[in-house]
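Below: the structure, in structure tokens.
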Amino acid sequence: MAKAIFILVSLVTLVSAIGVVALPKVLHAALALVFALIGVGALYALLGAGYLAVVQVMIYVGAISVLIILAIMVSQRSMEDSQLQAFVPHRAVTAVVAGLLFVVLAGVSIGAAWPVVETAVPPDTIARLGEAFAGRYLLPFEVASVVLLVSLVGAVYVAREP
Amino acid sequence: MLGRGMLKGLWVTLQHTISSFTSGPRRFPKRYLDGPVPRPEPSTQGMLTLQYPFEKYEMWPRFRGVLVHLRDPETGQSRCTACMACVRACPHGVLTVTGEGKGRERRAKTYTYELGRCIFCRLCVESCRFDAIEMGQEYEFVSTTQDQTLNLEEMLALGDRSGIKHTGEAWGQVE
Amino acid sequence: MAFISEPRSLDTETVTINLGPHHPSTHGIFRLLATLDGETVVDVQPKMGYLHRGIEKIMEQRTYIQSIPLVDRLDYVCPLTNEHAFCHAVEKLAGLQVPERAEYIRVIMAELTRIMSHMLAVGFLWNELGATFTPMIYAYRQREFIFDIFEMATGARMFTNYMRPGGVAVDLPEGWMDLAVKVTDNLERFFDEFETLTAENEIFLARTIDIGVLPADLAINCSLSGPVLRASGVPYDVRVAEPYSVYDRFQWEVPTRPHGDTYDRYLQYLAEMRQSLSIVRQAMAALPDGPVMDEKARRLRPPKGEAYARIESPKGDLGFFIVSEGGAEPYRCRVRSTAQINLTALRQMVIGHTLQDLVVIFGSLNCTVADIDR
Amino acid sequence: MGFLDALPLTVMDWLRGLLGQGLPAWGVELVVGLIKVVLILVVAILPVIVLTWLERKVLARGQDRFGPNLAGPYGLVVAFADAIKILTKEDIIPQAADRQVFRFAPALVLIPTLLVFTVVPMGRGMIAADLNVGILFAVAIGSLAVIAIIAATWSSGNKYSLLSMFRSVAQLVSYELPMAFSVLTVVLVSGGLSTVRIVEAQVIPFALVMPIAAVTYFLASLAEANRSPFDLLLGESEIVAGHNLEYSGMRFAMFYIGEYAHIFVIGALTTTLFLGGYQGPILPGYMWFLIKTMAVVYVVLWIRCTWPRMRIDQLLDFSWKLLVPLNLANLMLVALVFKLAGTGLLGSLLSLVVNVGLLVAVGTFLVRRARSSTSRRTRALVLGEV
């Protein structure tokens, strides 16, 4: 049964991912991105990484996608179907770059060993995660928070009325 | 001040919620068709709603409803003499009157009242010197067409139903 | 960036939206063309005429008495003050003397109408703030009681057709006073309750204080009148400035507020309701006996000439200018409608505020759309 | 655990046993899973039917009216009258609409709301999926609602809807933060993200232990559900029902159901997080859950009956300038208290004291600042001077 769900979810994810690059309207692509991200989250959940799945949904879907969509909506002329027209003369270049990227990625993923961990997923992942953050990785965690604080202050400064 | 005003507002609506159960008409279907309902006493809380099609307020004697004709107690006919005063007084021209006979014998032959256009201002009644017409107590005259009209017979029948004896009786104007 | 065919600026665009002709907060068929920059209003253009009924023109073909049901419909929230103003103008034109009892009855009716209109003003103001009808329905509830005593005296709730040039149509019926005393006592309680419900609500304060400030000089320059003007600190009231009827016989004050924002207008309405209630009580206590109609007014044919008379309607200075050619109908009747003139300040009041405030400011001006277009 | 308390579980076990005789193990799981899904749908949709009636009744009673009373006894079947009316309406798609997204958005509205019910413990042991990230799941799923609203507003091709969209993004994203903080406080004290664990940790309901977090959570979830006084998306007096403006018929019904299901979600989650969930004396757990949830729902409706709507900038100010700092401070203080005093009675009492102290401190600070302020609005709001 888990396999069936896996196939279903990965199908949705893949179709949405194709939609992100193939749909003509930017907004549709963005909405497809949302589904692809939700699908990835579901895959995490299937792997037993519930916390990661939820965080994926919360941050990527709840925050980042909203920002992307909002940015698309408020930018000029983004609503038109012919948005991709601007890319026409460069389509060949794009194709070459994308093709090269695909070859590299495919080569890496085929060549990788994909080691499988035999031990079962421990049931208290969150507790372990919490302990890791508050214990062993406390310093990087706090440094990251300082970075976030700085960016927050910077955002407030930029957004401030002159 | 720091949320106190909002809580005071909530307190008022809570009082209304409670008083809607404790005062005023409580059970809805109880008062069906027991005749008109008296007007409620002025109050600030408690249920007030009139369940209209099932219960109706008692109308004030002066209520200006549909125009009716009053019967002459001797002849049993309308007292209208087709003097056209009401037709002239009407701001919207909803009345059409034709008369027959001459002098003191003159009587209304037809009296057409376009109910759909009437604005119930009672100027026609004020102009009538023959005690012939009055505003009745009927107010449920909804129709699906705009040109709903009443003729003399219908208006006389309505007058019988309203039980008015003299024009201006309720208005303190009987001479 | 080579991909983008032409450089685009990062300028924002304004959005023009139609508030109306059918919009929940315009109370009638009225259109506001609002230009927004985000949520901020940068321009407002009222588009009038969707509710134009040509009442002034129709009055030229109606006798003076036939016009009274029409003036009821000018501002249907306060019909009796409209009648009062019209009758006042006709009386001035025809030189009629209104009996004392009729004057007192008129004052009682007009002040009750004022209370009714102000109640709706604050009730609808809350509706536009987004309260789900509750204050408005409380106001409606009290309005029903006032309607009750109107109906008892005049036979109709709204379009009373009660006042006549030279007096009032009929005397008050028996038992009217008792009921009216009950209603006015109840109104007192209602004001207290309504103030508890609304006056201190923090959301309300935040939404209305310093919103839609109308400076006194702008109000005067725009020829504004009524509570809107008085809330800007100008103690101008036609009842005091140019006393008509018997207003000079009562003890009352002209309340004013200093700031001229939406909250002050709201407080102004509440204060005026209390003053009106006091006038009503004094008038009911002092109601003299006697006739209610000037006998000369039975066959009304004013002499050739013209007259302008004004009163303090709930919304402000309501005037009627009547030109007579000596016939039974006016040659020309012009209404100085308060709502239309009070609306002229709207644009200056809303610019820089948000769309949500626009609706509230428009509501606080208390314009009846029927009165704007006539 | 009394007999009544465990009745639904007993029925489920009996069903499982019955199925186990004829079906393989995965089949049993599938059928039981389907039954759970159906139950959740019922639990999510049935309140909608009740709530459409209840909202009108509560509003009406607060306004001295009867509310619906003709459709069935006490107007109870008014929801069905609504359903018939809505379903028979013409389905209109505006010409300016983005047709695919326009069709798709209403479905998206309902899904997140329904998903939240999977992690709500509705009685002792009555939970569809006791995830170890339960409450985080609820918060994350709640943030999906904004996507649906964006899709609906933008695809409508209407300027009012566009305004509604900008409001919704600002509002929903801002209120996730104080909501997350208040949830975090609860998680900190209960020591786990699982909803069942949170409920079991509440010997004393958390609303009494940390009222600041409870009130914040309640207000933030009002904002998430677009309820008065934060119903800016709808704003029927200025942007005429914003995001569902162009919808009609069944598509509108989805928004409608979603809105009412969301009210129930507010009640259910507030109950779970702060009111002790299904815990309570005498009555079975699911009854307590229902009673508490309905009490919260009543408060939601009561507030709608009384308060006006906030303005968008004030709404954001309220979130960023008051709720977020207050909850950060609260989080730190509560963490400190429970670290020092333990999660027993002493800790709870101290936490309450700290909460009240924090409120008093904030109040004093605001009053101090307002005293020296020249802004009339600040003085009126804080000092009550007008």
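As written, the chains take the letters A, B, C and D, and residue 1 is the first residue of each chain.
Going forward, a contact is a pair of C-beta atoms (placed from the backbone, for glycine too) under 8 Å apart; a residue touches a chain by one contact, two chains touch by 3 or more.
These numbers were taken from a predicted model, which means no experiment stands behind them.
Chain centroids computed from C-alpha atoms place D closest to the centre of all protein C-alpha atoms shown. More C-beta pairs in contact connect the chains of C-D than those of the other pair, out of C-D and B-D.
Of all chains, the one whose mean C-alpha position sits at the greatest distance from that of chain B is A.
The distance from the centre of chain C to the centre of chain D, each centre being the mean of the chain's C-alpha atoms, comes to 43 Å. Averaged C-alpha coordinates put the centre of chain A at 72 Å from the centre of chain B. Inter-chain centre distance (chain B to chain D, centres taken as mean C-alpha positions): 51 Å.
Centre-to-centre separation of chain A and chain D, using mean CA positions: 27 Å.
Looking at chain B, residues 1-2, 4-6, 9, 12-13, 16, 45, 48 sit in touch with two or more other chains. The multi-chain contact residues of chain D, meaning those touching 2 or more other chains, are 62-65, 305-307, 381, 384. Counting partners per residue, chain A has no residue that reaches two or more other chains.
Chain C makes touch with chain D in their complex at residues 15, 17, 19, 23-25, 36, 38-39, 126-134, 137-138, 141, 197, 200-207, 209-210, 259, 263, 267, 354-359. If you check the complex, the residues on chain C that touch chain B are 62, 65-70, 134, 138, 141-142, 144-145, 148, 151-156, 159, 161, 169-171, 173, 182-183, 185-186, 189-190, 193, 196-205.
Contacts from chain D toward chain B in the complex involve residues 58, 61-66, 69, 302-303, 305-307, 363, 366-367, 381-384.
Those residues of chain D that touch chain C in the complex are listed here as 59, 62-65, 159-160, 162-163, 166-167, 228-229, 231-232, 235-240, 304-314, 375-377, 380-381, 384, 386.
Of all residues in chain D, only 26, 29-30, 98, 100-101, 131-133, 136-137, 139-141, 143-144, 146-147, 150-151, 154, 165, 169, 173, 176, 192-193 touch chain A in the complex they form.
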